[in-house]
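In what follows, chain A forms one complex with chain B and a second complex with chain C.
Moving on to the complex of A and B:
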């Protein structure tokens, strides 16, 4: 038998005992908290993608006559404002939907890029070892010991804020946790039987690392990625609030809080709703990560999948 | 011992790289003399200042001078504090040394961080132990959701909400400021939310792991009261990850304080950083960043050492973990 057919045979066997997608679906239906979190995230993504369709008003539409209206009030022309308006008469609900687009994509792209960078560095370092591993891990330790928000603040002060710079800064400052985890996982996998088997069949190193090891260590990395998205959404809000992130008039959740701060005594809804949106998004991501960790843990998994 | 030296050398390298980064990145934003005197300055004044500050020297010599001065505690002079527009031949006469300004602000930040930890450690440990003592109970679920909520909340928003509720609506506490004991409560609570969540999570899993061990069963069999088993026996052995987490959160507090100090007008180093960024006071920004980075690196180093001291397996073992 040649290499490929042995590999194929092994994969067919593995698939028989593998937990399938429908098992996960059944498991999440049983966990009400995780279900609520995923429903919220799905709604968020749908709103983000179809902001033009779902937003009842234009996010930048000025209407000075209807400034600072409280939630559930009607404007001068009879239009309805679900979550009220800001001082320029812009609809808070519509701005929240458009703001989600900015905040969520900064989180997703930033965390995705740092995951890509970190996992590549970590897996190769763990598998290769030697001087390369030493240098990568020193860099990881060193960068992890720096205050990342402060460094981000300084870099954005020098480069200027904005969507693209924000994502670049996040990817450069957040890859280390992924690298550290991936390296640990690769270190374990290096001596695993399946890797030894692949190696003895003459599989190339790159193929071993990215085709054999990566799928086997994906679960903890996905958990970390979910947590990191939440962290980046929080950081984006903080940096935008300070004026170094997304620049006005783009609506971002952090910026909306910053804008509303002046009116905090008279118009509580300006600050409350964007903060609540960030909170619910981050909480849902954390709850979902918790759930993924529990279901993919081989020790705990049986309880989630098999329990009737 | 070898490990200790390796760690210290590593930290020193990181700080050196931070200093270099801060120096060169600072030059990217433009001519320091123009930044100092403002766009209305005459060419003569700019040239005088450049000569006085040595800005006409090659950049590497300036960098070398910056590092050497830094080692003797001289971080340069502020472009804004006590700054006189009349350029003088002696730099010390035209602005206040930034390191003095930074050091003056540190006690307020330390006080705030200590107060936040004073809230976070007892509450977080209590929540975690309670959850671990009754796994899968309602209390456990509440603690899990609360601790995730603490991690998911935006700190500055929580601060604003606390201001709206306790200061504006109820009028119990001041909206911001510094001086009386009432001033510290809201900012400390704001900062404590995240560490409470993290400490509760770690305590829960560490205590849960300890409670499954045979010595706990022995204690139960001997008739030791349940609370004593949970709080004394298991907590003592679960201390290592908890202490590590407290240290981690302490260094996170130092940066988290930037936003919280801004919200509550707390005159610590965080507020100083925001102010100096908005006034483009480059030497002050550089000094604050280097000082905070040094503090964070030191805290991380101490946490790592404490972890080794606390864990007898590492303390007495010959092998490196």
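Moving on to the complex of A and C:
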């Protein structure tokens, strides 16, 4: 008898409980890590949506006399700068709040689209096999061997920069990792008994792939998605730095890091706070995704959601 | 008195921590093993028998458990006694392997695939016995001879994957015996093996007991193994010992209700000798429904399989060319009538599962013909095939794998109904609920997930799902072999009940001859991809003609403690295989008709 079956025995009594919204609430209140992550993300979303309300200063307000002030300092007119100012005297904290709009949405939408595209291609390729799989996977190999930054520069040069084009370019250049992973997972799942069973029950291929296989392979894909969001926030930074992404003086986290690099020796706060923002966002997304995966997985969730 | 006991547990209690507090796995377990004795701990899954045996070696810690009560007294070789519950990890290292050897259930995973057998054996000998390389090699060879492996010199140089399951288990036994332990713990040592191999391994263990004088603690779920091997028996149920005694008394006069039920649930070969039709098993403690009506096979032929061939290529060389073929199914032909059960019996690798899967085209056969209600199944396109699946369903062996872990049971059973658009809305809900009633599952299970069910309950769900589109024919691929015997009996009875009520035909694929005798109208014996004998159940099982059928039947374990186990120990030689060079075409099989409908394969040489 393995430990699993013992645990199975243990919760037989707690079995008949329907999981409700308040169970999830209770579960997240118990899990401090997931709680902290979701609090951070809620704050981030609230600040992003209500940037006009929460930002103490105008994000593009020049004030050359108060350039490069360290955190917690007061400006020449007595204004308070929580996280300091940049070389043009713009408030870092306000720019972080406004910058979140661009960074977070580029990350979320870009990663989301590439995930959608990659997972669709990868799952179907892995399940179907044959010529279709060969074509998709060679396409993946080919695109992975392109220097993506260069391609992105070229495409944005032709199409012009800006928010929408940036997202489109990211989706087209980042779906391959998802496709590779999804294909591997589908290859595994294809031989699983439950897939064979579904086939013998007359289930159509498309339903087998998206209704039966997808929920079973979602966990690693979600983890990859959270990582990819962080990567895209950083890619946005590179492109904006090179002048092909968000156009200054509009703030974005990546642009702030790029601008701050010149002053990294003298004014550490210019790169530190946007860097920290990217790091915390990625980490929180990752931790929360992990928690969501655990509580929604019927195999695992009883560990987290126990009737009390 | 103390001298005559090798190891003794007193009121052993093992607990596993969990989020909701400690869970007691076993409680109040007391038993003892005397030198040279075979004690069997028997019980079903969840009874705590493995936890008990792991506790003796303190291995339960590695599974997250803790011994929270009682004592385990071991009389060591040097005459001292030690309480294993409090022994230090250093002490345990000296005891594990040295004084207590252990054999695990899974010979596939217990050996490291990256090293040769000789290297793995020598490593243990060098560490435990302080032998040098040459001595260790010599001792390994000796040990392999002891477990009667053919060509032991060659085996030492081979990797685990080159050996068959039976050979691997022999290597494991040899390794366990390396340091001449005086207690050998064998945890389900034959469960993963074929019956003929199981018989050999059990015989070998018995022989080794005599040769080495080691006592053996055998953990098993199989009453037949108990009957053959045990001097004394400890019966466990839900973490407690319910009965203990000499094997003969346990078998002939079981005291506890559970022991009685366990014995009654074992199908015994020969029980059905005068009965032409299948009959349900009697289950103790359950109202005996009796055969509602005799299960008489129909006259109309439903399914015809002729000349079915399926080969799997073995690729090799630089360009991955096919160098050889595994002839998994070689020219197999049979028919099944309506309301009839044909059993396909054979050991692993005989091609019985591939045959079943080929009929349903879950595997595409290479050639041959499958006709279902006069439609050529193999010629159908994918849409027509999908439609045909309404009438041809399958129940898989592994109830843990065949249900999608992320879907509620309602959706799983509703799946075929939705696929074929048979019902929707409240009619669908009623239909699924009725199917749950049909397989005796409570309706409260509808919204549960598979992980919340036991193996037997899951197999019921799988059966309900197969029944959902009202099929005429079900392939049951080892449908009961992963289940505990008491659960197995219930599921078998359910299948028979469904046949009586709904007139379903089964292709019942199984390795277990005793189970087959219960359920089949006709039996086909498969060996290396061919049917070697086919006929009515009574003809094939009571008057076997082919040599392989006779071997298979002789290897079926019985509940008779006087049966001769040693006679079955043979030196294991090269395993026959169904791998042939590419391009090889075997001659079509010819059969002798012994009596009406009883055919035996003639051309032996392949």
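One rule holds in what follows: the second predicted complex is superposed on the first by the 192 of 308 C-alpha atoms of A that agree within 3 Å, B and C clash if a C-alpha of one lies under 4 Å from a C-alpha of the other, contacts with A are read in each partner's own complex, and residues count from 1 in each chain.
Note that in this section a residue touches a chain if its C-beta (ideal position, glycine included) is under 8 Å from a C-beta of that chain, and two chains touch if they have at least 3 such contacts.
Because the structure is predicted, anything quoted here is derived from the model rather than measured.
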Worksheet item: Counting only touches as set out at the top, which of chain B and chain C does A:41 meet: first, second, both, neither?
Response: neither
Practice prompt. Name the contact category of A:199: first (chain B only), second (chain C only), both, or neither.
Written response: second
Discussion item. Looking at A:215 after the superposition, I want to know if it touches chain B, chain C, both of them or none. Which is it: first, second, both, neither?
Written reply: second
Worksheet item: Just chain B (first), just chain C (second), both, or neither: which does A:150 touch?
Response: first
Fill in: Which of chain B and chain C A:238 touches, first, second, both or neither
first
Practice prompt. Please work out whether A:257 is in contact with chain B alone, chain C alone, both, or neither, and reply first, second, both or neither.
Written response: first
Item to complete: Determine, under the contact definition given at the top, whether A:173 touches first (chain B), second (chain C), both, or neither.
Response: neither
Item to complete: Could you pull out which residues of chain A sit against chain B in one structure and against chain C in the other?
Response: none
Discussion item. Help me check something: in the complex, which residues belonging to chain C touch chain A?
Written reply: 16, 18-20, 23, 25, 45-51, 63-65, 360, 362, 386-387, 389-390, 393-394, 396, 398, 401-407, 415-416, 419-420, 444, 447-452, 462, 465, 469
Fill in: Of chain A, residues touching chain B in the complex
33, 138, 141-143, 145-151, 153-155, 157-158, 230, 234, 237-238, 241-244, 254, 257, 261, 264-265, 268, 271-272, 274-275, 278-279, 282-283, 285-287, 290
Worksheet, complete the sentence: chain A partner, complex, touching residues on chain B are 10-11, 13-14, 17-18, 22, 25-26, 28-29, 144-145, 148-149, 151-158, 160-161, 163-164, 168, 251, 254-256, 258-259, 262, 273-274, 277-278, 285, 289, 292-293, 296-297, 300-301
Worksheet entry | chain A to chain C touching residues, read off their complex | 1-3, 5-11, 14-16, 18, 192-194, 196-204, 207, 212, 215-216, 297-299, 302-303, 306
